[in-house]
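Chain naming follows the written order as A, B, C and D, and within any one chain the residues start at number 1.
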Amino acid sequence: MKAKRTLNVALIGYKFMGKAHSNAWRQAATFFDLPANIRLTTICGRNRAAVRRVAKQFGWENVETDWRKAVADRKIDIVDICTPNDSHCEIAMAAARNGKAILCEKPLALDVDQAKRMVAAVKKGGVVNMVCHNYRRVPAIALAKEMIERGEIGERIFHFRARYAQDWIVDPEFPLVWRLQSDRAGSGALGDIGSHIVDLARYLVGEFKDVCAMSETFVKQRGGRRVDVDDAVTMIGRFRNGALASLEATRFAPGRKNAFTLEINGCDGSLVFDLEEMNRLRFFSRSPAAAGQDRQGFRDILVTEPTHPYIDKWWPPGHLIGYEHTFVHTMADFVGAVVRRRKAGPDFADGLKTQQVLEAAAKSGRVGRRVALN
Amino acid sequence: MKAKRTLNVALIGYKFMGKAHSNAWRQAATFFDLPANIRLTTICGRNRAAVRRVAKQFGWENVETDWRKAVADRKIDIVDICTPNDSHCEIAMAAARNGKAILCEKPLALDVDQAKRMVAAVKKGGVVNMVCHNYRRVPAIALAKEMIERGEIGERIFHFRARYAQDWIVDPEFPLVWRLQSDRAGSGALGDIGSHIVDLARYLVGEFKDVCAMSETFVKQRGGRRVDVDDAVTMIGRFRNGALASLEATRFAPGRKNAFTLEINGCDGSLVFDLEEMNRLRFFSRSPAAAGQDRQGFRDILVTEPTHPYIDKWWPPGHLIGYEHTFVHTMADFVGAVVRRRKAGPDFADGLKTQQVLEAAAKSGRVGRRVALN
Amino acid sequence: MKAKRTLNVALIGYKFMGKAHSNAWRQAATFFDLPANIRLTTICGRNRAAVRRVAKQFGWENVETDWRKAVADRKIDIVDICTPNDSHCEIAMAAARNGKAILCEKPLALDVDQAKRMVAAVKKGGVVNMVCHNYRRVPAIALAKEMIERGEIGERIFHFRARYAQDWIVDPEFPLVWRLQSDRAGSGALGDIGSHIVDLARYLVGEFKDVCAMSETFVKQRGGRRVDVDDAVTMIGRFRNGALASLEATRFAPGRKNAFTLEINGCDGSLVFDLEEMNRLRFFSRSPAAAGQDRQGFRDILVTEPTHPYIDKWWPPGHLIGYEHTFVHTMADFVGAVVRRRKAGPDFADGLKTQQVLEAAAKSGRVGRRVALN
Amino acid sequence: MKAKRTLNVALIGYKFMGKAHSNAWRQAATFFDLPANIRLTTICGRNRAAVRRVAKQFGWENVETDWRKAVADRKIDIVDICTPNDSHCEIAMAAARNGKAILCEKPLALDVDQAKRMVAAVKKGGVVNMVCHNYRRVPAIALAKEMIERGEIGERIFHFRARYAQDWIVDPEFPLVWRLQSDRAGSGALGDIGSHIVDLARYLVGEFKDVCAMSETFVKQRGGRRVDVDDAVTMIGRFRNGALASLEATRFAPGRKNAFTLEINGCDGSLVFDLEEMNRLRFFSRSPAAAGQDRQGFRDILVTEPTHPYIDKWWPPGHLIGYEHTFVHTMADFVGAVVRRRKAGPDFADGLKTQQVLEAAAKSGRVGRRVALN
C-alpha cells in the first residue's frame, strides 16, 4: 500500500451547514476507507470569535475571516462552500481559477446566469466540482436509483411526485431571515427545498421537457418589510421520457418538519420514500411473488443491510442512521472523485440544469403558462 | 308519531354502482331512522336476465328494461342514476320533467353543456337533486369538514393536495372498457376519479380561481383501437381564498388500488386522510397541548366514536366500517333532503361547478396555460 | 337447479351482538350464493318492546320473549345464541335436544364443565354447531391461515403473539355492566376478548401444551360493588409444536379501542395483523425476491383482491370492508355447514378446548405456576 | 471560565461495541459542551494488528493488548468495558480497585453473584459507575420518562409491554458465535437484548415484584455443538406498583432486525415506541383536547424539537438522528457524572437489579412457576 495523498480542505461558512459539513469531513475520514487523507485545514467566516468556536469544536486547524485568502491558499485542495446563496458564484469562480476542487451547497447559484458562469469556470479550471444535494446519498435514495437502473420498476416511468414540506415560517411573527430575502437566497421554498426535489427528479427519472408552476407568498410582510420570495410553490411537468411530474415545496404545512416524500410509478412497480423515515424504502413490485399476485403489497425495505448503499460502513441491520450521514456519504464520494479525477454527481452542470428548471418554474408562475426546457 | 311517507325508488343501472346503491338503499332504511319508508320499487337495465338476478339479490320489486318507463312511472318518487356517464343527462332531464327527486352518479355529465342543461332541468322541475360523491360522507371526511368549519385548522387555508391513484389499467392488455372511451365516459381518470377530488376540494376549501393541468394517455391503443381518454392527469390551481391546490388522478400507479389521499394545511393545523385507511383522520394542531409545543404531533383519530358523523348508527368504538357505508350515508341524507325539500350537497349545481373545473383542466392541458374559472 | 331448502333462524338476544347477527343473516343471504334460503323467522328477548324494534329494523318475522318457546318451535332450523354468557349453556342444550343447528356467541360457556356438557349435547343431538369467533373470517386472517397451511412462513412456527386491547372501562366511574360480573360473564377480559386470541392461536398455530398467566382487576369497586372479574390478563405459553405464545387481553389500554393485533414468526417468514386496519395483512418472506435478500421487507397486502378469501362477494380491489362483514362470512360458512352437514370451525369442541386454555390461564394466575393442558 | 479537567479514557474491546463507543467518545466531546476534556488515551484488545486499525480509525493514542495494564495505568481516569460478558466482572473489579470510573456494556455480568461483587467493588472503590443501557438515552425514551414523571399518562400505570425482536440466527447454519455460548455470554436473547427491556421497564415503571417466564432454544445444535443459551424468552410479571409486565426477547422473528418496541398504558394515557422509528414517540392522552374527546388519537411526536432531550445539540426539527447517537448521549451524561461525582443511571446497582430479574426469569423457566424478586 503506497502512501495516500493528503487533501487539505477549506470550509467557507460555519453555521447550520458549516456544522453539518465539518462533522461530515471528520466522519467520512473515520468511517470510510478514503483514497486520501483529509485535513480540516481552514474554516472561514466573517465573525472570527464564532468561527473560532466551530474550529475548536470540530478540529479545524486554521481560522480565516476573508474567504479570498482561504481560496487563494496554495495548500488548499478542496473548497467547500456553505455560505448563503448570493456568494456561491463569486467564491466558486475564484476557487476554480485557483484550481481547487469545489463542493458547493445547493442551490448552486442565485440564477441561471450565475450558474452558467460557474459551469464555465470549473470547466476552464479543469477542477472536480459537485453540488451538495446530500439526499442523493440517503441509502434508501441510492437504493431506489439502483433499482430503477436495474429495471425493477420497469422500463417505463409514468409518474414522479415529490413534496418537500416544512412549517418553520407559518408564524407571521417569524423574522425576515436571509432565506426569506430574494437578494440573498434567490428564491424561497423553490430554491431552498424545491431544488432538492428537482435534483432528485432529474437523478431518478431524467430531464424535464416542460414545467408549469404556481407560487405564493402567504405572509407578505415580516418585521415591517416586504417578503420578496415564495413561501410555497406547486409545479407539474413532463419529463422527456414521457413521465409526468408533480412537485411541491412549501414552508407552510403545519406539522411537516422536514417532510420530503416521493413516489415513483413505473410500468412494473412503484417506489415510495419519506425523509422523516429515511432508513426505509417502500417498494411495490408487479412481478408475481412465489405464491402469485395476491401476495403483492408495498414492502417496507429497512435499508440497513450491509449490501445496501453505504451501510457496510456503519452498523448492523436494523440500526438506524440519520440526517448527518447523508453528508458523510457525500464527502466520501467527493473525495473519491477528486482523487480519481472523475465526475461526482450532481456536478455544476447538473446544478445548472436544476437551476434552469427552477427558473422555468418561476417564469411559468409569472406568465401563467407552460415553459419548455431546452 | 304520525305515519311516515313512503318513497318509491327506481334504480337505473345494476352493475358495480347498481350493486353499491341497492345495498345502500336497503341498509339506509335499516340502520338509519329515516323520515320516510323506502321501497325498492324498480330496478332497470337492458339485460333483463341480469337485472332480474340483481333484483332478486337485493329485493327490488320490479324489473324494467326501458329506463323511460321507469322514469315515467307515476308511483316512483326517486330516480337513482347509476348508468355510464353518457346517459346521465338524458335520464336526469326526463326524471326532472316527471318531477322525480334525482340522485345521479358522478361525474354529473359528459361535459359542461350537458351539466348546465341538467341544472336548468332540475330547477325548472323543482326537484331535489344530488350528485353521488359518496366520499363526502366518509365519517372522517365529514369530520374534517366539521373541523375546518369550526376553525380547528385555522381561518386561513394554505394548501389542499389530493391524489386519487389506481392501477387497474397498467397492463397494456387490459381491454377498452366503457370507462376508457370518450363517448361513453367523457374523459378518463379526470372525470372518473378526478371529479371526486375536485368535489372534495370545493367542499372542504372553496371555489377554484384557476387551474393548470397536464394529462397523458400512456397506453395509446387497446385491443387495436385508439384510447381517446386520459390515463392520468396532474393539476395545480388556486382557490379564490388564496390557497394552492395540487391534484392528481391516475390509473397508472402500481400498488395503488383505490388510493385517494388528501392533505389540507391551514394556519393553525393540518388534516390528512387516506381512503385505504378510511376509518382514520390524522390531525395536527398548532395549539399548544397542555404540556406545550413539544408534545405536538399528527394524531391519528380513529373516527369510530359515537360522536363522530354517522357512527352512532353503526358499531362501538374501534369497530370499522367500509366502502359501502359511504353510500348508505349518502342515501340517508338524500332521503332527509327529499322529505324536507332541502338542498343536499353536492347538488347538480355543485356537479356543474365541478364539471367546469374538469373542463378547465382539460382545456389547460390542451392549450398549455392557466385557465380561469368564472 | 333444484329448489333450495329454506332455513328458519331463531335469534336469541337483540343487543350489540343481536344487531350484528341480524345484519349478517340478511347480508349473507344477499351477497353470498348460499345453498339454502334464509328466513329471519324469530327474534327473542325479554323486553318485548325493545325486541320488536329490532325485529322491525331487520325484518324478523316473529317476536318472542321466552327463548324456550323459540328453541322448541318445530319450524326453526337454526338457533343463534347472542345472550350473555351465563345462558349459553342452557339455551344450547335445549336447542341440541330439539335437533337445531346452533351458532353460539363466544365464549362458549361460563366454564369448562358447562362447555363439556354442551359438547356432549350437540354430539348426542347430532346437530351442526359453531362458536361465533367471527375474527377467523376476517379476510386477512383467513388469508393468513391459507398462507400458513401452504408453508409460506415455513414448516416451523417459533412465536405467536397476540394482544387484544380496549379502553372502555379505564374510567373508574364506568358502571358494573354484566360483562364485569363473574356470574353473568364467567370472567372479564379473559373470556370476552382473550377467548378470541386463544381461538386464533389454536386455529393458526395449534394446540397449547401449557400456559402461565397473571391477571389483575385494576378497579376493584364499581358503583359500590366489588368487581369480581379480571380487567386484564397476560399469558405466556407453549404450543405442542414447540412454538412460544405471548398473549394479552386488557380493557385498560387508553387509546386502544378494539386493538386486536397478532404476529406469527415462522422459520421462513412472519405475518402481522391489526384489527384496526383489518383490510391488511403484513407479510415478511425470507425467500429471496427476484433481486435478492436486500429487497426483503414486510409487505402490506391489501386483502381486497377477488382472489382473497370472501372478497369476490364484495367490492373491487382497494375498496374496504368492515367489522360487520366478519359476521356475514361466518353466517355464510355456517349455512354451508348446516346444508352439507359438515363441521364448521370453530365448533363446540373447539370452544371447549379454548375454554380449557382460559381455565388453565385463570388457574395459573391463582396458583402462580405453569398449568398443563391435556 | 477556569480550565477544564482532562479525562483519559481506556477502552477495553474494539469490535461492534468498541466501534460504537469510540465514535461516541469523540462525538460527545464535539457536540456536547462537556465539563471535561476527553482524551482517547488507550484502546485495548488481544489482536494487536486489529486494535491498531481501530485506534487509527478513531484516534486512540495508545494500543494495549493486556487489559490489566490499561486498567492499572495511572493516567487513565475512565475504563470503558466493551468485551464479551464473561470478562466484565474481572475487568470492572480491577478498575474499581484502581479507582477508575467505569462504564460497562450490558448485561453487567454473567450472573447475579458476579454482579453483586461488582457492586461491592465500585462501592468500596468509591468510583462512578454506569451500565451502558444506551436506549435510556434515545431522545424519545428520555422524553417518555419525562412525561411519565410529570404524570402525563397518569399517576397509575396499568401495563408495560416490550418486545425486542431480531432475526439474525434464524438460519440453522449460522455459526456458534460467542453470543450463543453460555460460558461467554451468560445467556442468549435474555441477557443480550432482554436486559435492555428489563432495564427500561425498571426505569420507566419501577421495580418488579415477581416474574414468570418461558424460554426456548429453537436450534439446538450449531456447527456440531450444542447451543446452551436461549434463542427466545417470553416473560410476564408484576411491578411493585401493581402494573403488569409482558416482555419478549427473541432472535427468531424473521423481518425484525432490531425491533425493540414498547407500550405503556397509564390511567390517563399511553406511550408507544419503536426503535426502528426511533425519532418518534406516540402518545395518547385521555385529557380532552380543546374540541373534546372525539379529537383524541395517538399522536406521533417527532422527537426532533430543540426542547426535546439531547436534540438541541444536533440538527433542526425533522432532521433525524440514529442509533450511534444514543451512545454519544450516554458518554456525555457519564462524563457529567464523573466530573460531578454523581450517580449516572443505570449504575451497577441498577445492573444488579436487572440481573436479578433476568435470573428470576431464567429460574422461572426452569421450575415452571412464578419467582419473586426481593
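Just so we're on the same page, a residue touches a chain if its C-beta (ideal position, glycine included) is under 8 Å from a C-beta of that chain, and two chains touch if they have at least 3 such contacts.
Owing to the predicted nature of the structure, the values given are computational and were not obtained by experimental measurement.
A.B. asks: Using the touch rule from the top, work out which pair, C-D or B-C, shares more C-beta pairs.
C.D. replies: C-D
A.B. asks: Where the centre means the average of the CA atoms, what chain is farthest from subunit D?
C.D. replies: Centre of mass proxy via C-alpha means gives B as farthest from subunit D.
A.B. asks: With chain centres taken as the means of their Cα atoms, state the distance from subunit C to subunit D in Å.
C.D. replies: Subunit C and subunit D have C-alpha centres separated by 41 Å.
A.B. asks: Please compute the C-alpha centroid of subunit A, do the same for subunit C, then give the distance between them in whole Å.
C.D. replies: Going by mean C-alpha positions, subunit A sits 53 Å from subunit C.
A.B. asks: Subunit B to subunit C: how many Å between their CA centres?
C.D. replies: 35
A.B. asks: Taking each residue of subunit A in turn, which ones touch at least two of the other chains?
C.D. replies: 256, 296-298, 302, in rising order.
A.B. asks: Using the touch rule from the top, collect the residues of subunit D that touch subunit A in their complex.
C.D. replies: Against subunit A, the touching part of subunit D is residues 16, 20, 23, 26, 30-31, 57-58, 166, 168, 256-259, 275-279, 302, 304, 314-325.
A.B. asks: So in the complex, the part of subunit C that touches subunit D is made up of which residues?
C.D. replies: Within the complex, subunit C contacts subunit D at residues 153, 156, 158-159, 161, 163, 165, 170, 210, 212-214, 216, 218, 231-232, 234-238, 242, 244-246, 248, 250, 252-256, 263, 265-270, 284, 286, 296-298, 368-370.
A.B. asks: Which subunit A residues qualify as touching subunit C in the complex?
C.D. replies: Subunit A reaches subunit C through residues 143, 147, 150, 152, 280, 282-283, 285, 287, 289-302, 305, 307-308.
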